[in-house]
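Report on the structure given below.
We call the chains A, B and C, going by the order they appear; numbering starts again at 1 in every chain.
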Amino acid sequence: MIAPAILAHERRALLQDRLPVVLLGLFALICLFASLRGAEKREAMEEAATAFEAEHLQQASDWRERVVAVESGAVAPEDDPWAGLAMDVARPAVAAPGPLADFSQGVTAVHPFTSGVSLWRSVDRLFGNYQFQSPNEIRAGSIDLAFAVLFIMPLVMIALAFGALSRDKDTGRLGLLLSHPISVRELVRSKLLVRLGAVFVILVVALFAGLFIGAGGVPGGERLGRFGFWFLAASGYFAFWAGAIYWSVSLNRKSETTAMMMIGFWVLNSLVGPAVLAAAAQLIHPAPSQLAFLSTARAVSNEAYRSRSDVMQGMLLDHPELTVENYTIPEYIRVSYLVTQTVDRSVEPVLDDFEAVQRRRQAFLSLMQYAAPAALAMRSINEISGTDLARQVRFEVEVRDYKRVIARQVEGKVLSGERLTVAEVDAVPSYSFRESDLGAVGRNVLFPIGYLFALGMLAAALARRNLVRLQTRFREA
Amino acid sequence: MIRAIASKEFTQYWRDGRVVTVFGIVALLGLAATVTGWSAVSAMERERAAAVAMDREIWDTQGLKNPHSAAHFSRYAFQPTFNLAVFDPGLTEYVGNAIWLEAHYRDPATLRPIEDAVEIQRIAQLNPAWVIQVFAPLLIFVLLYGAVAAERESGTLRQLMAAGVRPVSLLLGKAVSAFSLTGLLVCGVLVGSAFLMSAEGIEALPDTGLRTVGLVVLYLVYLAVFVFLALGVSALSSRSRTALAGLLGIWIVATVLGPRVGPEVAGALAPAPSAPEFAARLERESSDPFWGSSEEAVERRQRVMDGLLAEYGVETVAQLPINYDGYLLQASEEFGNEVFDAMYDELWGSYERQRAIARVFALISPTLAAQNVSMALAGTGIHAYRHFADEAEQFRREFVLLLNQEMIDHGGAEGYAYVSGNDFWEQNPDFEYAAPGIGAAVRGVWGDVMILLLWLALAIAVAAAGVRRGFLGEMAA
Amino acid sequence: MLEAKELTKSFGEVRALRSLTVRIGPGQAMCLLGANGAGKTTAINLFLAFIEPSSGSAWVNGHDVQRDPIGSKRHLAYIPEQVALYPSLTGLENLEFLADLSGRRDYGTDDLLRFLERAGLDSLAAFRRVSEYSKGMRQKVAIAAALARQASAFLLDEPLSGLDPGAANDFTNVLGDLRHDGAAILLATHDIFRAMELGTTIGIMKSGELVEQLDPGSVTGAELEKIYLDHMRGGGAGGQA
């Protein structure tokens, strides 16, 4: 039930009034800036990832050429004693930015996405030095579409809609309006439809603009699929806020009280909720100390190096076949390998701990997020975008596993000091990061998104009840 | 007169449920944030103390090792988290805690706490400074939006004027009441933090007393800006509803948008170097031109050798009374150090350029300026971090020199086969970090201080003009 | 037609209206006199379904206002003491909006101007913004809106207070015309003489109760004033302060 007269009047009022137009324009501008900036950052990351991978693959290929040269007899073995040195096997491992990393930057700003996997590096050092970003910049957070939708959109909705009923009430017009054959519900719904509808139109346009801007043209299938979920999540968050606003308007309070209530709710939902949830998750499931982890890795490395002869002895006992008489390459290579392996083995439980803590925190938040819809929406949006922490943790775990796979494959040759053959070089697997498939993403996010819609509908139902009551009581104190 | 007005205001606050609720929530948040901050800082300090001790122990017990190999293993500089970080952790979460002091390379600080944080912490991190920066202005606006506008609406302004109240008395009476209530909150949070800061195991920053006074003054000025802004807007608005809407708009721009938009725009205009690219360049440019096989590198090494041979007046390396390998290593360090200086200057320079651009946004967001000053006073800003990183780098250079010198002096013909023992390691010095005093801390934020004072002057002018206009308008009515 | 049957309203302990039973047929006008808080506005609010009766019922042209608030309002016009309109719109635009609200989107500008004219607002003023209007002019827009939707029952809550004598006279004349055209009018007022002029029945209310109903033809103004004051001085709650 919508009153056409109010729709027409509201549309005109919305366009004539300077403030709503400015606010809507500002929202559109922020969305546009967010899309452009998001696309720029994603592109930079993509370029960095591609360049990194290309450079390392080139190195690997140059290195393979040396093995080919020796094997084919083009180069005498003694002229290139290091060609095919098993310890030198190195491969890049890269996680290109998530399919919608331009929509939501998520955790990508602070985590590594490239790794030069090499047997010389123990697993705690696989990700190299990436901590060069400006601390001020990462502290401030970024302006992406997720920020525009999660933070700015509700504010614009509140600013446009908080006076939907109270404005007429405060100015004394409501009595005259309601003496006409129109229900309070129609009045409020028509007003909200125009005001919130304008925000939604901008949201839809902005998301589609982002879809094309980020793709730099026609988006591909994966991006489109993810976009579908993103759109759903953004709509769910919109519905949640629309419901909340509808409900606060239906309480029929003074304009100031309604505005304060909504801003208070925004603050609780968008700032306090996530801050408290984050603090709680970290308090209840504290991460193992990074510094202690570092110390452990170093202590083990030191100890292994110091007792290298024992380590070597142990290795030879395990692998008597590796007792090679004419061992020509320097001893330190074998030692380094064994030390690194020892470190890898001993930090494994700590790394598992880190991973387990993150899993426990995720489980905790998966439950508690229902108390803070902004946190819930953000987590869903990050997962859809492929910029969530779980994805990052998965990448890091996979890279460590990848190193172990390479180590297992060439260990014999490292220890025996023999060259790898071309066939063995070619048998070294390569790494590629696989995004989780759309179905899995859908299974994870559909329920939370549904919850947002449900909250919105619940609030709307409560609002409807309030307004029906108000219909015959609006002058009762 | 002022006292009468202020006391009436207090009574009104007390009877307004909304004010009591908001005050209660903010006070509770402040308390929670203080305790969280204290627990985080003491945990970090506990972990650091353990890591420092472990680092020393590992170093001392590494057994027989070539000094240059030891320089590769080297030691770590652990960044202390000082007492005032309980109140304002600033960049603490976003900069690394540990810098590896290895030979040939200037590492960035690694182990950034933010990497372990759950993703929703990126929305907001609960800490006392944040609570004050964001919520105290909101509280002030809730207290004061009706200060003049509501008096006018209810007609009490005319009565006050008839009773001989002058504009300045009204202004000060209202200002004093809101200011003392929020000032109480700020002082409460600061005193609470100070109490917890003095807990055992947390290191005190030099000039802690002065810095605390500075923080108190900073936040009182900060509050005053918002108090006068609120009074001005309230007086200039025809209705309290309009005043509230305007003030909430200011709050959002100042505390939510400004601090995020500023650094983001700065990042877009003056991009910092991409992390993987910078890391790769750092490694390449500090190493290849010296150790590579290019003509330039070969010549460079040749020059080092020729110079040394000439210095000792001998023909061949074998005739040198010192170890040549050690000398060459140290020469490469000195070459690398120049590259590090240039490249890190570029990196820090880009951070500085971003800060300068972001500072422009302090003109629309006093919060941004206050954050910068607060971090600087608390010793958790970018300059404190840089000071630590530079000191650590200085130590790294001296430490690597010490180890290379050991090889130069005693390595003789053994070169890389020369080993030192625990008695040598035990004599090696520790990195003792002394944080800079308050003078150095505030040097980088004068611009922000000026902008804050400008805000204060502007706010007072707006408030004075507004209240005067309000009185004149009422007289004309 | 406006009809109240045993209409009663309590706010907590306070009985704002006690068992009001009236029937105002087409062409009839009932003027309610009474001190502030006597129950006049409560009665009007009950007819508008702005509040719920504690017992009894109110009817407009055969519609129970509680059961069918929207249907009853199709026949109703309400003129409050202060007619608040959209200040940034012209009188004509306000009228257009109010007519739209009643479902009358078919009027052209000429039709609307005619309604304004009948309500006593000249067409020059109709194109000015309402922010420049006096209280009387705003009331005329509300009357024009009532004419536009062809309302047959009028609820007026102290529309005369604050009007200058000329404007009050104009207003009374327009109401007289409406009554002659068959409207049922319920008017709450403090103005005894206007009540005499307009009413077909005069009701005196005190403490929520209709204590007296008079035919204005049967008393003079002075007599009515005396009766009114006697009731007010008769003690009890709600006495004139």
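Some observations on this one:
Methods note: a residue touches a chain if its C-beta (ideal position, glycine included) is under 8 Å from a C-beta of that chain, and two chains touch if they have at least 3 such contacts.
No experiment lies behind these values; they were computed from the predicted model shown.
The busiest chain interface, judged by C-beta pairs in contact, is A-B. A comparison of C-alpha centroids places A closest to the centre of the full protein.
A separation of 25 Å divides the Cα centre of chain A from that of chain B.
Between chain B and chain C, the centres computed from C-alpha atoms are 68 Å apart. Our note on geometry: chain A versus chain C, Cα centroid distance of 63 Å, whole angstroms.
Touching of two or more other chains is recorded for no residue of chain C.
Interface of chain A with chain B (complex): residues 37, 40, 44, 48-49, 51-52, 55, 106-107, 110-111, 113-114, 128-143, 147, 150-152, 155, 159, 163, 170, 254-257, 259-260, 263-264, 267, 270-272, 274-279, 281-283, 286-287, 289-292, 294-295, 298-299, 301-302, 305-306, 354, 361-362, 365, 374-375, 378-379, 382, 388-389. By the touch criterion given at the top, residues 18, 22, 25, 29, 32, 36, 39, 43, 47-48, 50-51, 54-55, 57-58, 61-63, 65, 73, 76, 78, 90-91, 93-98, 107-126, 130, 134-135, 138, 142, 145-146, 240-241, 244-245, 248-249, 252, 256-257, 259-264, 266-268, 271-280, 282, 347, 350-351, 354-355, 358, 382, 385 of chain B touch chain A in their complex. Residues 11, 45, 48-52, 66, 69-71, 73-74, 76-78, 80, 82-86, 88, 97-98, 100-103, 105, 142, 149, 155 of chain C touch chain A in their complex. On the chain A side of its complex with chain C, the touching residues are 3-6, 8-9, 13, 16, 171-173, 175-183, 471-477.
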